[in-house]
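Given below, in the form of structure tokens, are the structures.
Both of the next two complexes hold subunit A, though its partner changes from subunit B to subunit C.
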Partner chain A sequence: MWGLGILKGMAVTMRNAMRGPITVRYPDQRLPLPERARWAVSHRYDENGRPKCTACLICVKECPDHILSIAVSRTADGGKHIDSYRYELGACMMCGLCVEACPYDAIEMSHEYELASADQGDLVRELLHDVDAASPRRAASPAKEAADA
Partner chain B sequence: MSDIGRIGPSTGVVPTEGAHRIPVLPRGLRRAPSGIDEVATEHLIVNMGPQHPSTHGVLHILLELDGEVVVAAEASLGYLHRGIEKLVEHRRYHQIGTLLDRADYVSGLHSETALAMAVESLAGIEVPEKAQWIRSLVMEVNRITSHMLWLGTFGLDLGAMAPFLYTMREREALLDILEAITGSRMMFNYVRPGGVLADLPAGIGVALDTFLATFDGYMDEYDTLLGGNEIFVERVRGVGVIDATTATAFGMTGACLRAAGVDYDVRKAAPYAAYAHVEFEVPLGTVGDCWDRYAVRMEELRWAGRLIRQLLDGMPEGDHTAKVPKGLRPPAGESYAAVESPRGELGIHLVSDGSDRPYRMRLRSPAYFNLAVIDEALSGGLVADAVATLGSLDIVLGEIDR
Partner chain C sequence: MSPLLQALLRTLAAVALLLVNGVVLILMLRKVLARLHLRLGPTRVGPWGVLQTVADVFKLLTKEDFRPSGADKWLFRLAPVLVFVPSFMAYLPLALSDTWRFSDLDTGVLFVLAAGSLVPIGILMAGWGSNAKWSLLGGLRAAGQQIAYEIPLMLSVLGPVMFAGSLNVAAIVNAQRGVWLGVIPRWFVLPQLVGFVIFAIAGQAETSQTPFDMSEAESELITGFANEYSGMRFGFMFLAEFSNMFVVSALGVTLFFGGWLVPWADRNPLALALGPAVFMLKTYLGIAVMMWVRGTLPRVRVDQLLAFSWKTLIPVSLAWTVLSALVMRAVNL
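Right, the complex of A and B next:
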């Protein structure tokens, strides 16, 4: 009979109309992000609150879009000083290659995902500003540093 | 093939030698078929897209219409051109995948795998068994998400609103699973030369089990909603016929080719990843009309579900990746690797000059070849059927324009 299929389809639609919602009411309710979810890049800090970044610039070289830049100067004792660590959030495609490349585990793909902003300035972030870089030796072996101190 | 620039009488009544001499009309004008000689009619050229909602992205089609009948169609491409093939020449081998995700943004894992296979054959990398199985698994999950999007939008094109909402439900469930595996919902960057980025996370088998338990029921629902709907069937049956000869002549692949009855599937013809170790059938159509393309893809969806089950059950133990140096420098040479993406044979041709970046990369986009047939497929049909035919081709402009 012509039209029977349409009626069966209507039954399916009706069944779906009766069931409960499958979505959540964002932003009041949120779904948890899986652990591996990759969002904005952020820095990691050691137990003393100092950044783990050693300013080795590997992440800068690794980024396919060239959106990371680090301005480094030398301190009096020969160490590295990070004047600024600039991250162009608006151009980031969150591929995670910088984080994979970092030998010191100093950066991570955070779970910060509400990145829209009415201010264009928010799309460029200065992740680190005027801080001493961790020494590569210290970052590689925190235990050794504790022994030194 | 006719083109838009050369317009002439085609479906109208051709003036015969009569009692009175008929004046030569300007190009593009022809006589009304009713015999009213004074009234001349004209072919109309309609721009379909690039903002048309059923052109699946930014496709611009010039339709030459004779009333309701399409006389010629020409696709105008390039609105989404980003120069990916050129950009790749400035990326190291492990960075290329990030761009290829954005070529075919609906099924990124397939282009990533094709690239990984091309790099592996260039550099002679042996991929661990487990990585091969994970690749197949995520590709089949990706195939379902891609086909779900096609199914929903194909319904939308034909005026069926409900299936779109329901297919998004399944797509969401699988995108969540893919996010748990790869870290991203669409721009995966997961399959790398040498293997995959990371092993499957704990609990992913349970998540896929939960999905597969409901999947067949949902597929039956779609069959009721679309395949059983008389209006839908009448809109697609016998519409946009692309026969086997035309399809092969245009280099079509994937479901569009198989709908015409040609048995060609890269997974069977040249098994890659773990496809040699699993059992599956390749559904074939007969006529090559929109209905066949619909039916073939629906059957492919069901097979993808069964493949996921087999791949989960047979998942071997071992490493998820081989040791590959970051600054990979394959020896000079060429390689080609192809995968069966949801749209057809997606191939990557790499040329290496021995440096850490490819000298040239060429992406064989299946949707590009499938779209090339548009003039043959639309000509002679009704303008209302154009969206049906276009929807059934399942094009992704990101991959066509690159």
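Right, the complex of A and C next:
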């Protein structure tokens, strides 16, 4: 019948109107993020509060936008020391490849999504500064780690 | 009271109704569309966003009144007036009740339609005077569309007018008193159902509502003819659009839905006293349906729009007018 499509469309919008709004007044009310939402990259820490990053640089190599950079130096005992872990938030496209590439589960896509800033400097973050990198061997054998300490 | 003062007061009342309508309708459009889109709509200014339009009016009033350097000075300035004044004129013959009316015109319906047919001239002037391609396209589209849909609109109005035997809106409403077969209200929408559908479609097109908003065409023409306007000149065009919506809905209520009459209680003095409120309620319901259509249907193409009017709507409305005239003569309703 001619016009049936129009009536069907009207029924759809009327159903929508009956459903009520699914949006909220944003800054006052917030909807929970989906579990797998990908926002700013952040570090994971072990139970002692030390970063799990081993400074293996795989994330740096993997990043398609070249926005991660790690400055590494050697400690006296031959371990790695992270002078800085730099993350250019403003150029990040939240693809999550760095997180997928990380063999030590040391970084994650956090749920921090309110990233706008009036200061350009806030868009370049130093995620780690002057900390010892985790050692996979040390993490594997707590006894040796204790002995090292 | 001197007749001049009386006329002045009536005109002022019409202006007040128009302005209040404009403010209420803009908020209503936003809220209705938001509802259809599962959104909240304006919520910030005032409780439930009720003061949003007031804030918008202040914004429009304080904005710079800008005229592009290449624009035709007089056409550009005159166009908003020529768009606004006819839509205001169309209020004057309307009757909110037997006693609440701005004027008592015996050619009321004709006057409304005649005033409405002046609007495309103003829109065309705005389009041409702005000296911009989008404006011109919008203006030409508006002119073509409104001329095409005026004819079915007028023909669809003929049915109720023939039934009532008058062009006076009050006479048409009063002819819809009583019931058919004891229960059905004598509203002209029932015998004139086809006429009403034609009226609704043509009315939607005359007010440039969304399936037919060729002249504005937000996504292609960036508000079309109103493109170069700012501040209150734009405000007038915007207001005219909403007041046209009210006029078309009020005309539809008058012609097809018994105006201010409450069904089954159209001789009850209380119901008659509530007439203006009933009339406004019916009119706003009509507007809500127009907004519902607006929130549902996508815009048609220009050729589809014109072909639909010239090849379908006008022949159907002509045939319907002849048919209803013959049946009316035969049955003597």
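Points to keep in mind about this one:
We adopt the following convention: the second predicted complex is superposed on the first by the 116 of 149 C-alpha atoms of A that agree within 3 Å, B and C clash if a C-alpha of one lies under 4 Å from a C-alpha of the other, contacts with A are read in each partner's own complex, and residues count from 1 in each chain.
Please note the rule applied: a residue touches a chain if its C-beta (ideal position, glycine included) is under 8 Å from a C-beta of that chain, and two chains touch if they have at least 3 such contacts.
Treat the numbers as computed from the prediction; the structure is a model and nothing was measured.
After overlaying the two complexes on the shared chain, residue contacts for A:P136 are found with neither subunit B nor subunit C. Set side by side, subunit B and subunit C differ in how many residues of subunit A they touch, and the one touching more is B.
Look at A:A101: by the touch rule set out above, it reaches subunit B but stays clear of subunit C.
In the superposed pair of complexes, A:I6 makes contact with subunit B and with subunit C alike. Once chain A of one complex is fitted onto chain A of the other, the partner contacts of A:R19 are limited to subunit C, with no touch recorded for subunit B.
The interface of subunit A with subunit B overlaps its interface with subunit C at residues 6, 9, 12-13, 16, 22. Taken together, the subunit B residues at the contact with subunit A in this complex read 91, 94-95, 97-99, 102, 162, 166, 169, 176, 179-184, 187, 189, 197-198, 201, 221, 224-226, 228-231, 233, 326. Residue ranges on subunit C touching subunit A, taken from their complex, read 32, 34-40, 43, 292-293, 295-297. Of all residues in subunit A, only 2-6, 8-9, 11-13, 16, 22, 31, 33-38, 62, 64, 93-97, 100-101, 109 touch subunit B in the complex they form.
Within the complex, the subunit A residues that touch subunit C are 6, 9-10, 12-14, 16-17, 19-25.
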